[in-house]
Amino acid sequence: MKTVTKRRWLPWAAGGAVVAFAAILPFLNIVVPGVLPGATYTPGTLQLLALSLLFAALALSYNLLFGSAGMLSFGHALYFAMGAYGLGILLQSTDLALVPAMGIILALVIVAAYLIGALSLRVTGISFAMVTLAFAQAGNVLIRRNPGLTGGEEGLRLATANVPDVLVGVINTRNLYWVALALVVVVFVVVTWFEHSRAGHVVAATRENELRVRVIGVRPFVVKLITFVIASALAALVGMVYLLLQSGATPRATSADFTLTILVIVVLGGVGSRWGAVVGGIVYTLLDQRLTAFASSDAVAALPDVLRIPLSEPLFILGTLFILVVLFLPGGIAGIVGRVGDRSRSRAAARDRVEEAS
Amino acid sequence: MSETILSVRGLSARIAGQQVVEDVSFDVPDRGVTALLGRNGVGKTSTVKAILGLIERQGTVEFGGERIDKEPTFTIVQRGVGYVPEDREVFSGLTVAENLRLAERGGAVHRERVAALFPDLEARASQLAGTLSGGQQQMVSLARALLNENRLLLVDEPTKGLAPLIVADVAAALAAAAKLAPILLVEQNLQVVRQLASTVVVLEGGRVIHTGSAQALLDDSDLVTSLLGVHGAKSEADS
Amino acid sequence: MSTIVLLLITGLGLGALYFLVASGLSLIYGLMGILNFAHGSFLTLGAFAGWELARRMGGDSWVTLFASMAAGAAVGAIVAAATEFLLIRRLYNRHIEQVLVTVGLALASVALFDGIWGTDPIYVTGPAWFAETTEILGARVPNDRFVLIAVAVLVLIAMVLFLRLTRYGLIIRAGVENRAMVTALGIDVRKAFTLVFAIGGAAAGLGGVLASHYFGYVSPQLGGSLLIFAFIVTVIGGLGSLTGAAVASVVVAVLQQFANYYLGGTGDLVVVLLLAVVLLVRPSGLVGRLA
């Protein structure tokens, strides 16, 4: 963890170049057939790219929780939904401007995450996973059962009265794309900063050996709670931008399936790898979108039932792909790259192999 | 010279990525008791677990001339290895009878032998093993190993945490067991080692630093002090 | 009074369903340390298998019902055993990855069911007696509840006898307590793994057929919606405890029914709160160990 090498600036420079390139994409006319639905300057493509960036940011926040701190939560969607729904409700029922409204929601989510985290972290392991799942389910029920406030099963529409005009409408998709890009960068920096802070080191040590951390006189509970709150606040931020990008939110964003999707992304990218989470989020979103297009294509429709039925279900293909990755590619995408690049001591891969000594 | 039943060469093992046994080599003869000694935390228990494949290991382990270091635990045991683990590890939610029934491997099962050695267990057959005293649990653990026809017994700290009177009982049971099969014994109590063991293997920092006759080691209190970190004579008086 | 009786018996019926799912989850977790997200899919597949058979046999008779229950249980057992044998076993002792594989299987299988049977509910009918009610203390109780309760009780008894009286039952009980020591006694515990998956899958498949009669339909989402509550039941009962699962199934389902009726449809919330309270007060669940 502490192997800070002299080449430390290299990945940052590369990352900066990638971000700069991503930032000018809306001005370019790049066509990638089969991957993107259209040229990079078109709103449809930018919308998809922005969505994939949001999933990348969400995966980063979950990776902080699961990959870095080893906390398997099944309720991460709750904080994403708090951001999306909280902001949506505040915008539709008050006259607050966008930024103050976001600030208020962020503060509320931090308080909520602190309280729920403090309760949930009294247990560990699978029990922790279950408590977080339970709280998320409660949120899911509340949102579906209060259609007056949340739109119920129909979902919530974004009230645009107090949203700056530059962030509204199809013609402004590229502005939202830049917001999403900025968000990924912010989340990446926050997560990196935290993982390299003292608390970050302690929480990583907690994952390996809680007892040893106790011995050096730090209460694992406190650093775990800090991690939980930071990851939740970041997820809420992503949820808020998601609301703006999608012009609304649906109850699916609060479901256990949604958390599982984030988990799938993190595992695909490589547990414990930050840029793996980013790549995983982008790959997953693009794959999901393209598989949906592929499923309704004529080529699939012409196939016999045995092939047509599985191939016309994107989730079937993604689920199968996920199983294959878990079985055959421990370390996910980051693991592959790590092996190819002969960095055999890839943290992610090593971590996955920590076996129960029974 | 007797034949070798267990031959360990270059054995290493890790627990959760941490090296606990490093390049350990020794032989266990096919009769008598071989004591595996060393200070606390030098990897004695881990060595035994590595031999059995209970933890991830590397190196060569031959049992009766056949390689067993790639085999899963249960087939190693089926080859004729009886295991009496540290802390007894009886199934506390099962009765004494169930604990023993579970241990029966098929083939020749020596229920009479066990009944004769541990008459107390018969009386407590339907008692939950978790409600037994430490000494009684140790008897169950030993009985599980002695039920079957074994070619080697791996016995890990059988007297740990037991009252002196019970220690004598356990030592007597081990002496009887040693007549049936060779034993590799991990033991802190040097009195018991003196009573039972013919050969010793001493570990330090996960490596073997001394092998030889038990008598010769225990009679040399300077050597005992330097190898085991205890004062030989004093520890004898203590136990 | 009649309302209370109706709620109680309906709660018991729902609890029976929870138990059929949770018993397998609990055994699998207890022995192998795996939280099986694919368990809902075993249930759904059992329900579809039962429906497909009933559709072909026709006649909504008792024979059809029992045949479809047998088919559901058999399909559940086979698919579950295959899951353990082909996927879980490759990841021996890597619990997180094992859970992840079941997550992937759950996602993929529900999508596959969508593709095969469509996303809309398919309505099922049982024997005519099912649609009738029986009057108990003034309450008119739908008859399918009694079948559910009876089957769940029989399954519980069968499981307890199996665990108490057979060698594999002994291995499973010991394995739940200390798996490493079971292998150190020369026992190939992997056979027990396949077996608990098969048993759990059979109970879930059977539960699927009964759930389709209880709710009146079968859909690809059937298993997933029951799975969350079964998880909650499993944790409240104490992971690995069969009696705990039975007690918690009844408590959770009855509480849910009463809260839904008297507290304005808050049953799901109350259950979630109960889980939080139980975990915080007694982290190991109501019953600590397999009994």
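Chains: A, B and C, in written order; residue numbering restarts at 1 for each.
We adopt the following convention: contacts are C-beta pairs under 8 Å (C-beta built on N, C-alpha and C of every residue); 3 or more make two chains touch, one makes a residue touch a chain.
Just so you know, these numbers come straight off a predicted model, no measurement behind them.
The leading chain pair by number of C-beta pairs in contact is A-C.
Comparing the centres of all chains, each the average of its CA atoms, the largest separation from chain A belongs to B. Here the CA centre of chain A is 32 Å from the CA centre of chain C.
Per-chain Cα centroids separate chain B from chain C by 43 Å. Each chain gets one centre point, the mean of its Cα atoms, and the points for chain A and chain B are 51 Å apart. In chain A, the residues touching two or more other chains are 355, 358. Touching two or more other chains at once are residues 180 of chain C.
Residues of chain B found to touch two or more other chains are 54. The part of chain B that touches chain C in the complex is made up of residues 52, 54, 72-75, 77-78, 83, 85, 89, 91-94, 98, 101-103, 105, 144, 148. The residues of chain C lying in touch with chain A in their complex are 29, 33, 35, 37, 87, 90-91, 93-97, 100-101, 103-112, 114-116, 179-180, 224, 228, 231-232, 235, 239, 265, 268-269, 272-273, 275-276, 279-280, 283. Partner chain B is touched in their complex by these residues of chain C: 167, 170-171, 173-174, 177-178, 180-189, 289-291. Taken together, the chain A residues at the contact with chain C in this complex read 72, 119, 122-123, 126-127, 129-131, 133-135, 137-138, 141-142, 145, 256-257, 260, 263-264, 267, 309-310, 312-320, 322-323, 326-327, 330, 352-353, 355-356, 358.
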